[in-house]
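Next come two complexes, and both contain chain A; in the first it sits with chain B, in the second with chain C.
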Partner chain A sequence: MANNEVQNQSLIEKLQLIDRRIIFVFIACAVVIPLLVGATMEEETTPIVQAFFDYVENLPEDSRVLLSFDYGPTTAPEIQPMADAIVRHCAERKCKLYMMAVWATGHNLTGETIVNVLNPEFPDYKYGEEYVNLGYKAGNQGLIRLLLVDFKRMYSTDAAGTAIDSIPMMENINNLKNFDLIVSFGGGFPGIKEWVLYAGDPGNVPVGGGCTAVSAPLLYPYYPNQLIGLLGGAKGAAEYENALITAYPQYENKRMAGMSLMVSQTVSHMVIIFFIIFGNVLYFLHRSKQKANGIEGGQS
Partner chain B sequence: MKRTVPLAITFIVGTVLVLADFIPHKPFGNLGDDFSLYFDIIAVFAFLLGGGNLIRVHLTKINRKRPDWQFSIVTLVGFVVMLAAGIFKISNPEGIQGDVAAIGSLFNDLYMYIFTPLQASMFALLAFFVGSASYRAFRAKNIEATILLIAAFIILLGRTPFGLWLTEGLTGDLAFLQIPNLANWVMDVPNLAGQRAIMIGIALGVISMSLRVILGVERTYLGQDSD
Partner chain C sequence: MSKTKMTAWVVFAFVIIAFAVSVALKGALVTVGAFLTLFIFSFLYKDNPYYKFAEHLFVGVSAAYWMCMGFWGTMVPNLFGKLYPPMVGGVLPALKDNPAEPFMIIPLILGILLLMRLAPNAGWISRWALAFIVGTTAGLNLVRYLRSDFIQQINNTTFSLYISSAAGFDFGQTMSNIVIFIGVLCGLIYFFFSKEHKGAFGAGARVGIIVLMVTFGASFGYTVMARISLLVGRMQFLFGDWLGMIK
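And then the complex of A and B:
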C-alpha cells in the first residue's frame, strides 16, 4: 500500500518531500568547503561601519576605550572577529584598553583576544599601563548603572586579583564618564542596548557596538544619535577589517577571520536562495497541477 | 503579612527609583545608587540559589529514575567539575590568587575545549534548519509572504558581495537599485520604522506594567495565593 503511494507520487511531489538530510549536506558543503580552502573576500564598508571606524581613527593617543565582552561561545564566531579587529585598530591608535565583561561567558573570550591579538601583534603594550583585563562582574544593567556612578566601587581588583589602585592606568578612572569610548560586543541581554540606556545616554559617553547579524536590526534605531556605529555579524566584521586594511596596509597579507567567514556566508546564502527559488517553483507547479486536476475532476 | 511586606518593599523601592531618575539629588540620588548595589548583591545570591536548585532538581530526577535521568548525571558532574576548577583554580599557572580564566588553567581548558565547541555546535545547527526551512516553508503563498520573501531575498543577496556583482551595472540615477543599496534601504527605512514602533510599544507596556506592580495592582510575581 505504502509502496503504491510512493510510486503514484509525481516527480514534483517527490522533490517537495525530499529527505532533509540531503539539504543538510548542501548546507554543510557550502559552509565547510570555503573555510577549508581558506579563501577570503573583501567587503565594501557601509556607512554605519565606516562611522565606527572613523570615530576610532580620530581618537587621540592615550584615549581611554572600555571594551565589554558581552557574549558567549555561541556567538563568538561572529563577534570575536569584530573584537579582534577593533582591538587591533585601538592599539594602532595607541589607545588605553580597559576590558571587562557583563556576561560570565565573556571573560574567557577577553583572554582569547589578549592572547591571539594584543600580545603577539603589539608586544610593546604593557599590562596595567596600556591595557587591563577587569574580568566579569554580576549585576547586568545594575552593574552598568553603578559603574556610571563609581567604577572602583564595583571593580576593586582586576581579573587577576591585583588591587585596582595599584594599576597605573586606573589612576584617573572614577566612573564611566572618564572614558572616551565604550564598545560593547554582543547583542543579547545585557548588551549594547543596556550600555546605551544606562551608560551612553545618562553619562553622555559615546557608545559603539558589534553584534550578531540577527540582533543588528533591533539596534538600528539607536544609530547615529545613541550609537556611533554598529557592526552586524560576519559582514560587519569583514567591513571593519576592510577599512582597517585600507588605512593600515601592513594588514593586507594578514588572514582575518571576518573576511574568511564572508566566503562561507556568501556561498551558504547562495545555496539558501537557490533552495527558496527551487522550493517556490515546485510549490507553484504543484499548485497549478492540483488546480488542473480539480478542473478536470469537475468536468468529468 | 506574607503579602503586605513584599508589596510595601516593592512600592518603596519602585517609587524611590522612579523619583531618583527625576530628582538626582540627595536623598533620592544616593538611594537610587544604593538600590542598584543591593540589586548587584542579590544577583550574586541568585547564582547560589540557582546552583542549589540545579543540584536539587537533578538529584531528585536521578533518585526517582525519571526518564532520561542519565543526562542529569552528566549535568551534575559537569557542574561540580567546572565549579571545583573555578573555585580551587586547579592547575592555574597564576596560583590561587590569579585570574580564574588564566590561560593553562583547568577552568579555561574546560571552557575552551568542551564548553565552547558544544555551544558553538548547538548554534551552528541553526544554519541547517534555516536551509531546510528555506526549501520547505518559505513559500509565496499570499501577499504578506511574498513581501517577506522579496525582503529576505534583498537582504540575503545584499549581505554578500554577490549582490553588488549582480547589479554593479546599475550606475548614476539607477545606483539606488543596486542590491546592497536596496538592502541598506530595507534596514534603514522599513526595519527602522517597524523597530521604533515596537520599541515605543514595549516601553509603554513596561511603564504600564511597572505602575501596576508598584501600586500593588499586579501581584502575580508574589506567586500562588497572591490574591
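And then the complex of A and C:
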C-alpha cells in the first residue's frame, strides 16, 4: 500500500515537471492539423463588429475613407485579414480609398492589400481616382495632429512621388475633416488610440479600428462614443468576414483569411485550457498527498 | 574532434544542403523567409547560434528599414524638398518647382543638434533638441489625454441603468450598463487609499479586486489569442507558401 503511494506520488511529480517542449509539440499539432485539413469556422458577428460593418454598409457611394496601415509583419497574420475584409467592403460600397501609414512597415503591407485584394478583385478601381497610396510619414501623433489641420503640408506627394495636386481624388482634401471615415489598423503606438485622440475627438471624424488581440481590451472603452466599432484580433477579423459573406454572398466560396485562422485558434485554446486544468489537478493532488504525509506548505 | 563539435558540423551541413535544395525548388526569397522562421523556432528547443543569427539579422534589418523609410519618406520630401526644392528634383521631380520654405531650417538645426549626441564632447547640445521634443509632446499629450482619456471616458461611463426600446425592456443592454457602472465604481474604490477598506467600502474594494482579476484574465486570454495568431501566420507561410501543403 505504502509502496503504491510512493509510486503514485513520483508519477505526479514527474508529470508536474513535464518538459515544456512536449507542450510546444501539442500546440504545434493543434495549429498545423486544422490548417492542413483546410477547416474554416464561422464566427457569429458581435455587436461591436456589426456596428462597424453597418457604418461602412451605410456609407454613400464616393465616400472618402482614410485607411491607415499602422502595423508591421510581426502582427500581419492578425491584422491583414481585417484590412483585406474592410478594403473589400469599402470597394463594394464604391468608396474612395486613401491609404497611408504612420508605421514605416505599414507602407509595404498597404501594397500587399492593393496587390492581393484591390487589383485582382476590383479591376475597375483606378489609381488616383478611386484609390491612392500615400505611403508612410514619420511623426507619430504629431503627424496626425498636423493632418487634422493641413493634410497636404505633410503629404506633398503620394508613395510613388507623384505630386499630390495632380491626383484627381486629392482635389478637395485639405484636412482630416474632409473624410467620412478613418480606419486605423494596428493597436501599437502610434495607432487607433492616437487616431481617436488627435483626429476623431478634436475633428469630430468617425474613427473605426482593427487591432491586435493584445491591445483590444485597452481600446474597448472607446466604443461606442469615440470608436464606431472595433475588430479585436483574429476573432474580430473572422466576425467581419462573416458579416461580409452574409451581406455579399459572392464571397461564400472565397477562402477568408480570418475564418481560416479560427479553427487553429479554437483547437490550440482547447489544448491550452486542457494543460491549465491538468496542471492545476496535478498541483492539488500533489498538495493533498503532501498533507496526507504530514508535509506542510504544499509546495514541492 | 569532440562529439558536440561533430554534431554541430553535421547540423550545419544539413542546413546548407536543405537550403540549397529549397532555393532550387522554391526560389531564394521564400527559402530565406522559411529558414529564418525555422531558425527563430529553434529557440523553443534551446538557445543556439542559428537563433542568434536570425535575431541579430532581424534587429539590424529593422533598424535599417525604419531609417531608410524615414529618410526617403519624410526627410527628403518634407525637409530637403521644402528647404531647397531643386535639391530633390532628381528623385522627386514633382517637387522641384515648389517655392522654398526657409523656416524649415529650424527643424534641420534641431535635427543636427540631436545628432550631436554622437560626439563625445558635444553630447550635451542634443539636450536642447530633446527638450523641445519632450516639451511639445508633453503639451500636446496633456490636452488630448485630458479631453479624450479623462473627461470623455467619464462621459462614456455616464449612461442610463434602465434601457428600453420600441420592443420593450432591453435586459441585455441594461445588465451590460449595470456591470460597467459597478465595475468602474468598485475599481475606483479599490484604488482609493485615503479611507480604510472596511465595511461597505471594503466590500466595494473587494468587488473592485474581482473586477481587476477578470480584466487581467481577459487581457491574458486576448494575449494568448494574439500569440497563437502569429504562430498560425508562420505555419501558414511554412506549410503553404514554402512546402505547398495548404491549398
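Operating definition for what follows: the second predicted complex is superposed on the first by the 285 of 300 C-alpha atoms of A that agree within 3 Å, B and C clash if a C-alpha of one lies under 4 Å from a C-alpha of the other, contacts with A are read in each partner's own complex, and residues count from 1 in each chain.
Methods note: a contact is a pair of C-beta atoms (placed from the backbone, for glycine too) under 8 Å apart; a residue touches a chain by one contact, two chains touch by 3 or more.
All values reported here derive from a predicted model rather than from experimental measurement.
In the overlay built on the shared chain, the residue A:M41 is in contact with chain B alone; chain C does not reach it.
In the superposition on chain A, contact of A:K291 is made with neither chain B nor chain C.
When both complexes are overlaid on chain A, the residue A:F275 reaches chain B alone and has no touch with chain C.
By the touch criterion defined above, A:N225 reaches chain C but does not reach chain B.
Legend: residue contacts after superposition of the two complexes on their common chain; A:V32 is shown touching chain C, with no touch to chain B. Within the superposed three-chain model, A:L261 lies in touch with chain C and out of touch with chain B [touch as defined at top]. Of the two partner chains placed by the overlay, neither chain B nor chain C lies in contact with A:K126.
Legend: residue contacts after superposition of the two complexes on their common chain; A:S156 is shown touching chain C, with no touch to chain B. Of the two partner chains, both chain B and chain C are touched by A:F24. Overlap of the chain B and chain C interfaces on chain A comprises residues 24, 27-28, 31, 74-77, 107, 135, 137-139, 142, 145, 154, 161, 213, 216-217, 221, 233, 235, 265, 268-269, 272. Taken in their complex, chain C has these residues touching chain A: 44-45, 65-66, 69-70, 73-74, 77-78, 81-82, 91-95, 98, 136-137, 140-141, 144-145, 147-149, 152-153, 155-156, 215, 218-219, 222-226, 228-236, 239-240, 245-247. Of all residues in chain B, those touching chain A in their complex are 33, 36-37, 39-40, 43-44, 47, 94, 97-103, 108, 111-112, 115-120, 122-123, 127-128, 130-132, 134-136, 138-141, 149, 152-153, 156-157, 159-162, 164, 180, 184, 187-188, 191-192, 195-196, 199. Against chain B, the residues of chain A that register as touching in their complex are 16, 18, 20, 23-24, 26-28, 31, 41-44, 46-47, 72-77, 107-108, 110-112, 115, 133, 135, 137-140, 142-143, 145-146, 149-150, 153-154, 159-161, 213, 216-218, 220-221, 233, 235, 262, 265-266, 268-273, 275-276, 278-280, 283.
Of all the residues in chain A, the ones that touch chain C in their complex are 21, 24, 27-28, 31-32, 35-36, 38, 74-78, 104-105, 107, 135-139, 141-142, 145, 154, 156-157, 161-163, 166, 196-198, 201-202, 212-214, 216-217, 221-222, 225-226, 232-235, 260-261, 264-265, 268-269, 272.
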